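Both complexes below contain chain A, partnered by chain B and then by chain C.
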Partner chain A sequence: MFNNKKVNIFLIIVGIIIFIFLPRFVSGYWVRVITTIFMYAVISQGINLMSGYMGYLPFGNAMFFGVGAYITAIGMGKGLSFLAVLPLAALTAILVSILFGLPVLRLRGHYFAIATIGMSGALLSVVQNATEITGGAMGTTLPIIDKSPEVTYNYFYLAMLALMVITTLTIYLIIKSKFGFGIRSIKANEEAANSMGINTTYHKVIAWAISALFTSIAGALYAYWMSFIGPEEVFDVMIAVNTIVIMLIGGAGSILGPIIGAFVISLLSEVVWSTFLEYHLAVLGITIIIIVFFVPKGITGAIADFVKKRELRLRKKVSV
Partner chain B sequence: MEENNIILTIKSLSKYFGALKAVDEVSFEVKRGEILGLIGPNGAGKTTITNVVTGTYPKTSGSVIFEDTDISNLKPYQIARKGLTRTFQVVKPLIGMTVEENVLVGSLYGRDKRNTDMKNASKRAREIIKLVGLESKKDSLVSDITLPDLKKMEFARVLAMEPEVLFLDEVMAGLNPAEVEEASILVKRVRREKELTIVYIEHIMKAVMGISDRIVVLHHGRKIVEGTPQEVVNNSAVIEAYLGKRYAKEVNNEG
Partner chain C sequence: MSLQMLINAILLGGLYALMGIGFSLQWGISGIINLSYGAMVILGSYISLEFFNLFHLDPFISMIMSGAILFVIGAAIYRTLLQPLIKGGIVFTLILTFALRLVIENIILKVWSADYRTIRVTYAGSNFQFGDAYIPLIKFLAFIVAGILIYLTYLFMMKTKTGKGIQAVALDKEGAQAVGIDVEKMYLINFALGTALAGLTGSLWASIYSFSPHLLGSIVGKVFIIAILGGLGNIWGAAAGGLLLGIAETTGAVFFGSEWQEALGMVIMVSVLVWRPYGLMGKKFFG
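Showing the complex of A and B:
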C-alpha cells in the first residue's frame, strides 16, 4: 500500500512537470484548448465537492464564476491590479455563497438544485441591469496585457494549471480530514449525520463557500484572459451543466474524476467537432448518453471496479 | 440508588402532531448506570419520545433535563456532543463507507475532544469495533453486510461517540431468537464495561424483561406504569394495554 502511494505521488509530479513544459511542443490553439480544460476541471472540482462528496447538486454554480469574472472586470476597470482584485473577487463569491447558502442549503435534493438556478438567474439579471457599474448586457472590457499573444496565453495556461493543482490538492486534503468525513456523512444519510454530532448546516455552508472560492478564481482568470466578458456568457447555466457532465463522466466523488472527465469530454468534443461540424452537439450528446449507460460510475469508478474484481479473482486463485 | 443519581429527567413532555397527542405529559427519570426499559404497544409513543429527547423533533411542551441543563431546545448534533446519543429503529448506515469509516465518524464527532485528531479517532474506532466483535467485517462496505452486523455497526458507531446516555430504539427488531440472545449479552457486557446509562426501547415484552432494571410503560402517548420488571408484568393496566380488557379481567380473577 505504502509503495503504491509513493508511486502515485511520483506519477502526479511527473504529470504536472509534463504539463508545465507542454506549451513548448504544441500549437497556440492547443494551449488555449488545454487552458479551457484546466478551467473546466476547476469548476467541476467545485461541483464534485458539493455533489460528488456531499450530495448537494449546485446547478447554479456558474454564478460564482460570473461573480469572480465581474468583480475582476469592475476592479481592474477602476485601476486595481489583477492580484489586488483577485482576493476581492474570491471574498465576494464566498459572501454570496454564505448569504444564499444559509437559507437555501436547508432544501434537499432537486429543490436545492432548482433554487441555485434561480439565484444564478437573479444575479445575471442584476448584472445585466446595473449598467453603470457592470456595463450591462453589452458586456465589459478588461485591460490587455502588454505582451505578445503567445506569452500571454502561456501565462494563463500556467496560471490555470496552478489553480487546478491547488484546487485538487485542497479538496483532497479536505476529504481526508475530519470535515471531509462530515460532508461524506451528509451525503450518506443526513439525519444519521445530524444525530452523530455533525453540525450539518455549518458543514454545508463551508463546503459551498470552498466551492465558490475556487469557481470564482477560475472566473477571475477567465475574465482577465478573455479581456472581454458578457453577462450571458459568464453566468451561463450551461457552464454548470457541462461541468456536471464532466464530473459524472470522470467519476463523481473521486478526486481525479473531474480532471479526467474534463480531458475526455473536451478532447471528445474537439474530435467530434472537427469530423461532424454540423451535427457536433447531437453526436456529442449521444456519446455522453452511451458513456453514462455503460460506465455509470464514471471512468475512475470503472477503473476501481476493474481493479477490485481482479484482486478478488487473484485471491480466489490463491485460496484454491 | 440515591436521589442525586438522576442523570436524565423528562418533565411533562408533550409532542402533538396536529390533533394527535403522540406524547402527552410524560414524566420519568433515568438513574445513572441503569438500563431503563421503555415499552408499550405499537404507536404508544416510544420512538416519538426518543426523537424529541434527542432533538430530531421539536417538543410541543415540557422539558428534558440532562445533567442539570435543559436540552429540549437544542439541535440533535448539540445533544449528541453532550453525550446523549441514539440508534435508529430502522438502521441508518452511512452508505458508501466501510464499517470502520462509519465508526470513525462517530468517534471524530463524539464527546471526547481528543478524538478530533484523526489518529486517535481511528485507534478508538478500531477498539470499539473489536469490542462489538466486528473485526472481520471492518473493511467491508456497509452495503455488503447483514442486518445483525449492521445493528452491531450502529451500536459501535454510537459507542465510539463516548456517550453517557444511550437510547437504543428497537435494536432487536428483525433479529432471530439466537441473535436477540447474542445482542442482549453484548448490550449488558458493554453497559458494564463503559458504565453506560441505557434507555432501552422495545415493544416485545420478553426481550426487555431480562435486560432492564426498571421499566416505564407507555400507552397512547401516556405513561401508565413505572416499576421493576416484576411489578410491571403483573400490572393489570399493562396487561390491558397489550392484550385488551377481557384478558386483563380473567388474569385478575385467576390471581
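Showing the complex of A and C:
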C-alpha cells in the first residue's frame, strides 16, 4: 500500500478532508493543540529541506519564525491588514536568509549550525533592544479578531492546515524537480556536485530562502493567532530544537516525516505534561534519547525498512 | 578604558578561559558539540554548594570533588550514550546532548529549585589595592587557580603519554590507530576531561557569583564564542578567546550598554566564523 501512487494520493486527500472537518467533533482545546502540531510540521518541513535533503543543519531557523511574527506585529500595529502584511513578512525573511546565507552557507557541518544560532541570538537582541519599534523585551500586542473565540480558532486551524499542505506539496515538488536533485547531490557530496557543474551556492541560498519563506509565514500566523508575542518566545532556540527532533523522529529526508513526527512528539508531550508535571523535562529528554537510539531512521524509515523486509520475504516465498 | 575596567575584564576572562577549554576540547577532538556543557558547569557549582553546606568546605577545595565527580559522569555518558551514536553525525550528537541537558536541568531544578544560590566564604568581602584599582581577593584567587588549571591541562596534553595520544588522535585518527593507540579510549578520556573542566569552572564560579539553572543557556552561548574565537581543540587559543570575550563584554557594556552584551558576542562569533573559520589563532588543528 505504500508503493502504489494512486492509493497514496487517495489516502492523503482523505486525510486532508478528515482534518478539515475534525474541529466539529473535538473540543476547542484539541483544536488548538492540533493547530500547533500543524505549525510545528511546517517549521520542521523547512528544516527537513535544509538538513534532511541538503545536509545543512539550520539550528537557528527559529529566527525566521521570529522575523515573520514581528513584521506582522509591527505592520498590523501600523494599521495594515493581515493579508497585506503577510507578503511583507515573507519577503523580509527571504531577504534576511539571503543576506545571512551568502556568507554563512560557505561554512560546513558544525560551523554552519553554530553560525545560524549566533545570528538568531543577535537578531533576538536587536528585537529586544529596538524598543520603539518592537516593544522591546516586554513583547507587543496585535489587533484581536472581532469574532467569537471558537470561530477565530477554527479560522487559524484551517489556515495552519492549508499552510502545512502547501508547504509539504511545494517541498515535494521541489525535491522531485531538477533543482531538488541538485539539493540532494549537495548532501551526497558537495565537491563532486560542484565539479559536475551544479552551482552549489545558488542551490543552497535558494533552499534556505524557501525554508525561510514557510517558517516566516508560520510565524506570521502564530503572531496573529496569539495576538501577543514576546521576543524570547518567538526567537526561542527551542523552536528549532523541537522541530529538529520532530524531523528525526518522523524521518529525516522523507516528505511525510515532519508531519508524522509533529503528531507523535506533540501528542507525546501532551501526555508527559499531564502525567509527569514535575519531571516533564527529564521524561522528554529520556524519550528523545530512546528514540535517537532505537529508531535512528525515524518512523518513516522504520516503516520503509519493514515494507522492504516483507517484500523480500514474499519474493523468497514466490521463488521457492 | 580605566585600569579598574581592564582588571575586571581580565579577571572575568580568566574564568571564561577555563570554561571554554573543556568545551573546545570536546568539540575539537572528540567531535561532540556538547549542548549539556552549561548544565555540567552549573552542576559543578551545586556540588560545591552541597559540600559547603554539609562540611563548610571551601569551594577552592571542593572543586577537586566536583572535578572528579564530573569526570566520572562524563566518562559514563560518553561510553553509554555518545560513543554508539558518534557515527550518526552532528544531528544525533546535538540532539542527544540537548536531551541530556534537559535531564540534568530537571534534576537540578528538582533537587535545588530554580532559586539563585550563593556560597559566602569568610574572606568574600576582602580586597586589595593595585595602583588606583581595587582587586577583590576571591576573584584574584579564582583567576590564579584558573590559570594553574589551564597550565596543568596543557602539561597533561603535551607531556603525558595519554595526552600525546589524544593529540595524535586529533591530528590523524587512522594514523593513530595504525601505531596502536586506542582511539576510543582517547576520545573517552578527552570528553571526560572536558566535563571535569566544566565542573571545576562551576566550583570557581560558585565562589564568586550567584548561580541558578537560568544560567544554563547563556553559558553554552559563551563557550561557543570562546571555542570559535580560539580555534577548536586549541588550549591556548581557547584561553585567549576567553580573555577576549571577557574584555569584549566588559568594554561593550560600557560603550553600547549591557543589554547589547550578548548580541556583541554573537556578532563577534559569526564574524570570526565567516572570515577565520579556524579561529583567531590561525592554524587548522583537526581534520
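Just so we're on the same page, the second predicted complex is superposed on the first by the 317 of 320 C-alpha atoms of A that agree within 3 Å, B and C clash if a C-alpha of one lies under 4 Å from a C-alpha of the other, contacts with A are read in each partner's own complex, and residues count from 1 in each chain.
One rule holds for everything that comes next: contacts are C-beta pairs under 8 Å (C-beta built on N, C-alpha and C of every residue); 3 or more make two chains touch, one makes a residue touch a chain.
This structure is a prediction, so every number in the text was calculated from the model and none was measured.
Of the two partner chains placed by the overlay, only chain B lies in contact with A:198; chain C stays clear of it. Using the contact criterion defined above for the overlaid structures, shared-chain residue A:79 touches neither chain B nor chain C, since it reaches no partner. In the superposition on chain A, A:293 contacts chain C only, with no contact to chain B.
When both complexes are overlaid on chain A, the residue A:178 reaches chain B alone and has no touch with chain C.
Measured by the number of chain A residues touched, the leading partner among chain B and chain C is C. The residues of chain A shared by its contacts with chain B and with chain C come to none at all. The residues of chain B lying in touch with chain A in their complex are 54-56, 75-77, 80-81, 85-86, 88, 92-97, 101, 104-106, 108-111, 116, 118, 121, 157-158, 161. Listed in rising order, the residues of chain A touching chain C in the complex are 51, 57, 59, 103-104, 106-107, 109-111, 113-115, 117-119, 121-122, 124-126, 128-129, 237, 241, 244-245, 248, 252, 278-282, 284-286, 288-289, 292-293, 296. Residues 177-178, 181-182, 184-185, 187-189, 191-200, 253 of chain A are the ones that touch chain B when the two sit in their complex. Against chain A, the residues of chain C that register as touching in their complex are 27, 33, 81, 84-85, 88, 90-92, 94-96, 98-103, 105-107, 109-110, 217, 221, 224-225, 228, 259-260, 262-263, 266-267, 269-270, 273-274, 277.
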